[in-house]
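What follows is one structure encoded as structure tokens, with my remarks underneath.
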Amino acid sequence: MDILLGSLLIQALNAIQYGLLLFLIASGLTLIFGVMGVINIAHGSFYMMGAYFAFTITGLTGNFFVAVILGAILSVIIGALLEWALFKHLYKRDHLEQVLLSYGLILIFEELRSIFVGDEVHSIDVPAWLNFSIPLGDIMSYPFYRLFMSGVCVLVAIGMYILINRTRIGSMIRAGATNSGMAEVLGVNISMVNRLVFSLGVGLAAFAGMINAPASAVAPGMGMEVLIVSFVVVVIGGIGSVWGALFAAMVIAFADTFGSVFFPSVAGMLTYIIMAMVLLWRPDGIFKR
Amino acid sequence: MNDVLLRAENVSKHFGGLVANDNVSLSVYKGKTHAILGPNGAGKSTLINMLSGDLTCSSGSVFLGNLDVTHLQPNERSLLGIGRSYQKTNIFPTFTVLENCRLAAQSREPRLGAVFSSASNYEPYKNLAEKAIWETGLEGYESRVASALSHGEQRQLELAIVLATQPSVLLLDEPLAGMGSEESFQMIDLLKKLVKTHGILLVEHDMDAVFAIADIITVMVNGSVLMTDTPDRVRASAEVQQAYFGH
Amino acid sequence: MVESKNKYVLLAVMFIALLLFPTLGFDFYNDMVSRIVILALFAVSLDLLVGYAGLISFGHAAWFGVGAYAFALLSTHYQVTDSFWITLPVALIAAAVLSFIVGLFVLRTKGIYFIMVTLAFAQVFYFLVHDVPAIGGSTDGLNLYARPTLEIGNWVLLDLENPLTMYYFILAALFFSVVLLWFFLRSPLGRAVQGIKINEHRMLSIGFPVFRYKLIVFVIASVFASLAGYLFAAQSYGVNPELLSWHKSADVLLMLIFGGMGQFVGGIVGAFAFILLKDVFMTYTDWWQLWLGITIVLFVLFLPGGLASLPSRFKALVGKA
Amino acid sequence: ADDVKVGLMLPYSGTFAELGQNITNGFKLAIDQKGGKIAGRTIEYVELDDESAPAKANENANKLIRRDNVDVLVGTVHSGVALTMARVAKNTGALMIIPNAGANELTGALCSPNIFRASFSNWQAGYAVGALMAQKHKTAVSLAWNYAAGDEQTAGFKEAFEAGGGKVLKHLSLPFPNTEFQPLLTEIATLQPDAVYAFVAGAAQVKLTKDYEASGLKDKIPLYGAFLTEGTLEAQGSSAQGMLTALHYADGLDNPKNQAFIEAYKKAHGETPDVFAVQGYDSAQLFIAGLEAVNGDTSKKEDMIRAMENAKLDSPRGPLSFSKSHNPVMNMYIREARGDQNVMVGIAVEALADPSPDCKR
Amino acid sequence: MSEALVSAHGIHSYYGQSHILHGIDFTISRGETVGLMGRNGMGKSTLIKSLVGVVRPREGEVFVKGRSGKSMPTYKVACMGIAYVPEGRGIFPNLSVKENLLLGARPGSDGRLDWTYDRVLDSFPRLRERLSNGGAQLSGGEQQMLSIGRALMTNPDLLILDEATEGLAPLIAKEIWRIIAAIRESGIATIIVDKNFEAITEISTRNLIMVKGMIVFEGSSSELLSDADRLKTLLGV
């Protein structure tokens, strides 16, 4: 009984931690897709790019945190370049062309990764001072790095909420997404705002890849694995809502965690069944605005 | 005289805490133009939305003749003869003017089974559409794409679409807004003609127009009916003057 | 008007080219071309949904899979029959019934939410054929040992085991589907569906039962996708869960965007261009993903509206000069 | 005579690209060691990226067999793709050599005279680990991705483990390709078995062993697997050190053939070969055996097949022969992860053959 | 007269292939109130859009405070003190009333801060009651007030009103006209497009009438009002 209860509690902890991570992974998409309204299926590639930056730069400098900072800066620059060269031409076009364009990017990123870094599986060590565990029960312990990631996720969530909902930049972004011409007429430099937000979104996606790299692996195909779940998180939460995305990430994490323990045979479907149910119950997502 | 076409009975609408319509009752008669006046945000469009089915009533009922239509969908009400126009232009922007109206006419006779025949060559649709276009003064514009019309022209099309559905009651939400003076005059003439065979519920801020054609006027303020009376008496009412005209 | 005439000319040229292709005698390519034709049919069915009705489905592969698995289950897994006369109707009816049920749910949502719910349902289908043995569920799919038999009594009407017969059979399927689509689009129902794409709200308020119409197109598109899936299974002697995966849904959507949506020939052009382009890059370059990716990016930037918009663009260019 | 065409249908992009490349390297090394010519005929390659996409497998296999007229079809890594290839091979009678894919069916229900496997079957991989674990533990929990390869290897493991007197307490599965192992680790901590058998692949191996170590289970409940440390040891870092696995090859295996192989491979490709390179190498050796037996005359297919069936190859993995179903018969080694090598520390099963009960030929 | 705020020299504007403006010359200087009239579809809105840079003329040139508008991005035009209330309102449905108002808020070109948040809300008390409503949750007239208020918040030198009283109740419409008059007193220039021809001529310093993309009349209110024939043929009144 005690053991069962204890393990349920630990499972809940697992779920919360996983949910926060899912949110972090989807956060860049919340900006680019949720707020700006650009369907960017290359989100996973940006995530992968981050992980590979972390891997190579940690290799060069020997310091993970230096790598994270440098990698984030690089990613933001790459984001700005991509926006300038490609995405800015597509805001007024059909959503589906954005799908096609970002699909092209997926291929390009995947090949560039293969050319420059190769196809092996890599990993990054958890920085020494974060590399310890907290005992939980008698045989299991909880890696502190996971808690550290959770803290980072919470900070990102709060920061994003403030940026989007509490700042003037935030309202500019949202205004630009629905009627950029009108925003422009009001004196908002929409192209600048868009560039900023897009590169921030790319930076966040890459950041998620970097932060998560020590806890998982740096490998080909890692972007594709997070792509769909990121969209699921953003959509069921209610497009554009930060709290919604966070909540949705939690829902999925709990379903995944308890599903894989109690209903392993349907675990694969669970996320999708939940998404279908949520959207049928609230056709505009949980936190629609 | 007792030709009540459409009747609202104590309808209310709440948006969260806001009461946009509070126990509103009114009737639209055949052969009469019933105008609704009221300050901005008084709840006029909300009322029309409830009559047309775009919004569900929080309470109260809507009758078409003797039929209770409170729980019918907008499309069902449309088929029963309730036609409406929108305050914010609501057309098919990438279709031509003709196709906009033809589609509206098609709703009267869906011909779902006619898989192998062409919709656009079907005469009955075309005739209805052309008539509506002619009535609203859009002739000559048939093959223009709707999004390429000016604002005022789009407002004319807005009305043409409704007319092509051959409604018996017309719910018009500021049909004259955005039209120039001349088009307004034309439109007033048209409404005068239409009212002979229809019942019209008109929301309009153009006072010259309203007093030119209204037979009955309801004044709404803050979601409730202030008074319902003849144009003369409404004009004379001190309360209305104060709430609406601001003299 | 002129523009759409161009498209019919293009369409006719394509069909004639496809008709004549086998006479050129590239044996292997007959197979490849007929597989692309199947994908083209699949893309055309999606075009009906996406390009004309404005319902962007990200789960269209589910119906492709239903058609494919229907044949596989009947012919191999449960060994009921190989007969075309039974297996095809079953495949189509299965897709119709299932898409009707799914449609009742998914069509309640709109826009991006619709995209995601269709994805969700398709994923459920995917996991069913991935995990449930009773319906052939296995990661690796099912092998088929024969193509459908097309017989009347004991008289063999068409021998689909013959690659050339199969080729023309598939081509005929595309042809008739396109013709049906053409009729559909100009019929009252078709016009109404296109109206729904443009302004669903107004369609409702002028009296159209929008939901019912959407459900009808959803089912029709699914049935055509199922036909494509059926042909695919028959053609390639095998099915696997991949056929229902979101990658497949994305692939066909990409073909459609690549070719040009709502352009009638877009799906066909897109399927051919996409696959041939990829093939060329895979055969002749070291980094095919890079070149394909760059090509796609350039296409999007410089050719909005897809390949099918080329003729009219060309015309505009010539007209100006 | 003109060239002999080898069709290499392997993943050159995506998750398995690395394996595809190593197999290719191994294959070419064996041919190059013969001077690029077998029985006087030059070997020519046609390489095709199979993208690990089963839906495209049929077309790709046909492309090689019917368009390019290859004399042998070599492929692939992904089982779903390999099964489709095998079916095409079966229908067309083309000679096929499988350099990795483990699906039992390939040399089971689908077995065919013209289809050979130079790698392993999933059953073999699981069985060897089960045998190893049964020597040391009484109870175990298995953990695997919920897909065919996972099921098959786990079944092999269970068969051997229970035959050796052990008991499998529970099978934990998670959907492919999920890598969120934490809930399952918590479950393991609750069940407290003596040991854990796991099957996942690629990047997930890294994630699993790292999570396993971080949650403190590594020293209390040992983790075993077949491929679990294969190709990812460096990335796994400390988390895999000391882990025992069972497989048909071990790094630096102490036999002359292997030493020579490693030497040559390093020279040609600048890195140490792994088990996939070995499998590619043996695929080529097997083909060479056939080709030499008929003196390069590929039209004598039956003779070629007979020679291949009876081939006794001197493989880097030790002696290698083939079962009736054309699946390898080979030693399964116990390996311990030390540094960046899986070092042989014993033999789990000697000359293990897959009984292939479904092969009705 | 003082410096020209915006001027157009022989501009031709198109939508795709259709040629809408046929060589328009137009100037507005500080303190002027210009009425722009014409029937539906004559090109009034197109002219305005060409002035603020939403539509780019294919020929001719627009100058904003003496600087060529050719390569000037639209937002720059706005930042130089040109505010625009478009027909159809252009409210951001996903922003609250407050956010809509504050979006473009800034002091005027000379640091003037005539229109503060509070002053706008005082002028439109209705908006104060709806501050947290989303833009889409307003009545038509409320949206119109919001659109005007939002433009005022930019403290412009030139305010362009395209059918700004459309859908406003007479009471509010009167308030708008009063505000326009007040604006005029404070030296802000305005261009007004409105169907209420009496109200325009009452406050305008100059009037233009457009027919088919050309200016066919330009003159003072009294000049215009005295010519009943012209009114009839050009405006139908």
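Per-chain residue numbering starts at 1, and chain names A, B, C, D and E are given in the order in which the chains are listed.
Just so we're on the same page, contacts are C-beta pairs under 8 Å (C-beta built on N, C-alpha and C of every residue); 3 or more make two chains touch, one makes a residue touch a chain.
The structure displayed is predicted, hence computed values, not measured ones.
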item	value
Contact-graph distance - origin chain B, target chain D	2
Touching both chain C and chain E (chains)	A, B
Farthest chain (mean CA position) relative to chain E	D
Inter-chain centre distance, chain A versus chain D - centres from mean C-alpha coordinates, in Å	35
Between chain C and chain A, distance of the C-alpha-averaged centres to the nearest whole Å	32
Chain D-chain E separation of Cα centroids, rounded to whole Å	75
In chain E, residues with contacts to at least two other chains	none
For chain A, residues that touch 2 or more chains besides their own	110-111, 114, 265, 268
Sequence positions of chain D contacting 2 or more other chains	13, 146, 175-176
Chain contact graph, described as a line, ring, star, complete graph or other shape	other
Those chain pairs that satisfy the touch definition	A-C, A-D, A-E, B-C, B-E, C-D
Contacting residues of chain D [partner chain C, same complex]	13, 48-49, 53-55, 58-59, 62-63, 66-67, 79-80, 83-84, 87, 91, 103, 105, 110, 146-149, 175-176
Chain D partner contacts - residues on chain A that touch it in the complex	3-4, 7, 10-11, 14-15, 17-18, 110-111, 114, 118-123, 125-126, 133, 135, 137, 139-143, 145-146, 215-222, 225, 256-258, 260-261, 264-265, 267-268
Residues of chain B that touch chain E when the two form their complex	15, 37-46, 87-89, 148-153, 155-156, 174, 177-185, 205, 207, 243-246
Residue ranges of chain A in contact with chain C within the complex	39, 41, 86, 89-90, 93-97, 99-101, 103-112, 114-115, 228, 231-232, 235-236, 239, 265-266, 268-269, 271-273, 275-276, 279-280, 283-285
Residues of chain E defined as touching chain A within the complex	52, 54, 73-75, 78-79, 83-84, 86, 90, 92-95, 99, 102-104, 106, 134, 150-151, 154
